[in-house]
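After this come two complexes, each holding chain A, first together with chain B and then together with chain C.
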Partner chain A sequence: MSRLKEYTEKIKPLFEPEGKLHAFHSVYDGLETFLFVPNTTSKSGTHIHDAIDSKRIMSMVVIALLPALLFGMYNIGYQNAVAAGQLADASTAGMFLYGLLAVLPKLIVSYAVGLGIEFAWAQWKGEEIQEGYLVSGIIIPMILPVGCPIWIIVLAVAFAVIIGKEIFGGTGMNIFNVALLARAFLFFSYPTKMSGDTVWISTEKILGMGYELPDSFTKATPLGELAQGSIPSSTLTDSFIGLIPGSIGETSVIAIAIGAVILLWTGIASWKTMFSVFAGGTIMAIVFSATGQTPVDWYEHLLLGGFCFGAVFMATDPVTSARTEKGKYIYGTIIGALAIIIRVMNPGFPEGMMLAILFGNMIAPAIDYFVVQANISKRLARVKKQSETR
Partner chain B sequence: MRRVIKLSKGLDIHLAGKALPKRFSVKPSGKYALMPSCFEGVKPKVMVKEGDKVKAGDTLFINKEYPAVKFSSPVSGTVSSIQRGDRRKLLSVCIDADGQQEYKDFGKKDVAALTGGEIIDSLLEAGLFGYINQLPYAISTNPQVLPKAIFVSALRDMPLAGDFEYELEGQETDFQTGLTALSKIAKTYLGIGASQSSSALLNAKDVETVVFKGKCPAGNVGVQINNIDPVNKGEVVWTVEPTSVIFFGRLFNSGHIDLRRIVALAGSEVKNPAYTEMVVGQDLASLLNDNLNTGSKVRVICGNPLTGVKTSAEGFLGAHTSEVTVIPEGDSTDEMLGWIMPRLNQFSVSRSYFSWLLGNRSYRLDARIKGGERHMIMSGEYDRVLPMDIYGEYLIKAIIAGDIDKMEQLGIYEVSPEDFAVAEFVDSSKLELQRIVREGLDMLRKENA
Partner chain C sequence: MAFFSNRIKEVFLSPLNILNPVLVQVLGICSALAVTSQLKPAIVMGIAVTIITAFSNLIISVLRTTIPTRIRIVVQLVVVAALVTIVSQVLKAFAYDVSVQLSVYVGLIITNCILMGRLEAFAMQNTPLQSFVDGAANGLGYGMILVIVGGIRELLGRGTLLGYQIIPDVAYEHGYLNNGTMTMPAMALIVIGIIIWVHRAYFYKNDK
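Our next item is the complex of A and B:
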């Protein structure tokens, strides 16, 4: 450790204003604070500080996402084997490895492009590198279909980071969830690569692994089948475990539940938001189920598609969700209800979670405004009462 | 039946080196200094010259804006120097104390027979009035606007804070006299903690005693006011530190000023954390000598680690300082990969660390910020530790944006910087909340002047 520290101290002058590599000082700062907790001490206010910082928070979210990501990799191999009719021959490790090879390029590209823009932007603005993209970078590949080509991920990440985040002022200032914005960008720009029934199963061999499927192979997600008016062909157990076609990270309720426990336990995600999304979704699904608008039971709606993933990892994004405690209940309920409404009422959108959360992001400041305004009105009423009694 | 107010929000931070309830003695070196910076918002005008002889109670400087508000010398002696900083800002008036102390006589008074106006005049004359603070703005108050009410909090619950009950032992009469004096000016509230048992607090006369049950910062007078009777726009309330109440009582009972106070010397870098008697303005060198652990670089704080002011062994005791704390500076500590390591020796309210598992262990925390400053990312962090009917996050944002109207609407008149101390501690975005609140208050004071 001390040798590493000595080395970082040794090369530090290169990145200072007079140094040769000053153009990369934000990269150096980013790496240095990644290796060592910054040892700057407080100059004003409290002399002691909690050990938590945004790096730790973002790392915890990434850890919470890992079960869903790892299961997603396995599921890619599994779906490929099922589609090829070779499930009996395929090994668990082989299927996972196949999925890993399918996902890894997407992850690398997402991080390389996203962090590249972050680093360049920080350098340009003379600011510290912010950690926000650590989470967005892993979520973006997880909410895409496995058949989504790499080049459009590059576009989506660049769009989301620049237009979705940096022009607003960086992490903490963005209005819309960065990862969802990337997905929405692709969804509307390249609908054939993002939806339909040809993108959900990986159809090629990768480095000799997996099975080659015919070009004409199609398989819809359960929600896709639902939108076409048929009953989903997957069993409830499959969708609970996650062995159904869908975006890479969204399928397994169990893996997402592990992530939810981590987020709630560490207090990083708000239970109020998460609970309200499920509450809103449940109410709406029960209504539609009871009135015969949807052919499946209400709980299937919560298990299928991106509902759980969105509720746990995306609606709870503290930056873009409602920030007042009361507001979180309203915000979550609207998202949950709206997601189911979109699914059931609009056959053009088999999945409503993405649009519901983006809509929620949009109205979150308004929700907070009314909650805060109530506090302001109370204060004004108090002044009025005081002046009347005098 | 005493009013009991339960506060569910807050956070108790357990730091190593809490002062034990025992005394040690300090041999004063004879150097004293009164610092105007102890009296927030005061524009000082020096009334003495180097070489002047002063008695304890003679005026050293006055408040330019309200010349009736004087600040008197805590000891008798010779003015040794007048320290000035940038743009000739007065930093301190230093005094070499005489061996034999002489006191200016203000005459003993029976407070029961005095009116509120006479009490104020007596405090002004003795140079103690400036020890009273006010809300709004959290500054040293002025005598021109009478307060709606006066608030005293006898509960010190900041980490490592000196226990007022311990300080109160033997001072009960003077404390009661001080309370009675304040009650002549306006309705006076005494906030005490649920665990406090001193009969001088429980049975205090002429005041309304309110019991606060809750975690830090329940002892903050601003928090107590917000929960008893919030300050509205246009109103003024006074807040008095409990030791100042004793100072006031002594003035009336003895006829002269007596600024001795019991100070806790605490913190992980102190050999034997305990209490000692000091006089306002006394030099810290005599207190700290031979009392610190050697080896690591330390930070000496006049006050507690959440709200205190960074000073050094060459510093002097502040007028409102009930404890001097010493913590490691920590600027040469290198922790690797802090974003993922367990870091068992670190305290955090977040369960991404393990301090929640380790019970009420005491921590040796240093002065590192432990992260980079960011925009506000997490929501509700401040609300959890701010037991006031205030949307802290929105108020902070309004201040950063310089939006005067919003600040008023969100209740800036009700807060003082120290109310945000715990929030600043837990803030994962590492914003300097107390500095921001102070800037907001100054902005508003200028606007309303």
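Our next item is the complex of A and C:
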């Protein structure tokens, strides 16, 4: 570590205003602050400084996402082997490696395009490079089906970063969750590559690994089967462990739970938001189960699809969620309930988590406003009462 | 000659660029979102609005001294409604398929903010010739944006322009797909927003 520190110190003069590479100073700043906590402190006013800054928070979220990502890679190989009927011959390591090769290009493209735009933008505007894309960059491939072509991911990432984030003022200013915006763009632009029953299983050999499946091969996600009116064919254990078809990182409840524990233990994600998403979803799913509108038990709705992933990693995004403490309960409950409502009542959308969270993002400022106003009027009433009795 | 005076030139050019009704005044957005999913209806709509703004401006400008101020909006509406009806009937007679595509939006030209705006802000104070040029220029400025947006949306959303396939079949064979959001009004708003962004960045550099 100290050698890395020495090296960054050594090349620093190159990026100072007189240095040769001054044009790239924002790239250098970005890298330096990513590696080390900045050595500068604010000069004026009183500031309360937490030991953890936003770059460190982002790194923690990425670590929390890793179990789900790694399991997602394994699941891609597993699904491919199951579909080919070769599960008995396939080794665990082989299946994981196959999944790794399937996911890696998406991950690289997502980071290259997203960070490229962020760096170029920062350079153009003469600003510091912001770190927000670190998390979005890993989430975007995780919420896409494995059959999603690379070139449309490039478009979606560019759209989400420019239209979703930079024009609002960059990291911390965006109204909508950037990763979900990328997914929504793809979902509405290229529905054949984002939903249906042909995109959830990788059908090709990659570098000689895995199994070639016929072009006509189809397999729907459990929620897709549910939307078509049949009972999901996966067992409860499979959907809990995550051995079901679905977007790359969303299938495993266990891996997501590990991420949730990391986020809650470090205090990065709000337990209030997370809890109320599950509460809202549970209530709605029980209502629908009891009235017979959905053929599966209520807990299956929470285990299937992107519900857990959305609740743990996306609804809790500190930028786009409600910021008042009471508001977090309302915000989470609305998202959870709405996700199940969309799933059950709209046959066009097998999964409602994406739209529910985007809707929640949209009304989060309004929720905050009303919570703050309610507090103001409550205190005002108290002051009036006191002055009357005096 | 009066026709080529600087005033006329200014009246004609400014709505096309620095006073563009869509880009700068942000008027007429609703119809710009609704009719631009393909190029052909966008062109027809642009022409229809150009004709109607030009002639309603002309007529109101001729009548401007005789119209009592208190009922001017009613008079303006009568003139516009008459013109819209004529254009709508002509479209139905000679271009029925486009008329069906445009559906209610031809009739809704009556409520187009650009029209009433030009009548109130320009035709009521200026000479007939100037008003006619102003109306035509505003219609063209509006139509221009419609054509740009319609072209982008049809090309990316359907791979065609005016119904002719532009994106080659080879591209589709290699996995190219039409962009579904481009056919939705939501993307039209984003496209217009991007055009406004580019326009401002270019013409209002010092305007912070």
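Rule of thumb we're sticking to: the second predicted complex is superposed on the first by the 362 of 390 C-alpha atoms of A that agree within 3 Å, B and C clash if a C-alpha of one lies under 4 Å from a C-alpha of the other, contacts with A are read in each partner's own complex, and residues count from 1 in each chain.
Convention: contacts are C-beta pairs under 8 Å (C-beta built on N, C-alpha and C of every residue); 3 or more make two chains touch, one makes a residue touch a chain.
Because the structure is predicted, anything quoted here is derived from the model rather than measured.
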Superposition-derived comparison: chain B or chain C, residues of chain A touched: B
Contacts of A:Y7 with chain B and chain C, given as first, second, both or neither: neither
Which superposed partner A:F185 touches (first chain B, second chain C, both, neither): second
Which of chain B and chain C A:F370 touches, first, second, both or neither: neither
Touched partner set for A:W151, first chain B, second chain C, both or neither: second
Partner chain(s) touched by A:F217 [first = chain B, second = chain C, both, neither]: neither
Which superposed partner A:H47 touches (first chain B, second chain C, both, neither): first
First (chain B), second (chain C), both or neither touched by A:G172: first
Chain C-touching residues of chain A, taken from the complex the two chains share: 149, 151-152, 155, 163, 167, 185, 188-193
Of chain B, residues touching chain A in the complex: 13, 15, 159, 230, 232-235, 299, 301, 305-308, 310, 327, 329-340, 343, 346-353, 365-380, 383, 389-391, 393-394, 409-411, 417, 421, 424-430, 432-435
Chain C - residues contacting chain A, complex: 175, 177, 179-182, 184, 186, 190, 197
Chain B-facing residues of chain A, complex: 1-2, 4-5, 33-60, 128, 130, 132, 169-173, 265-268, 270, 318-319, 321-325, 372, 375-376, 378-380, 382-383, 386
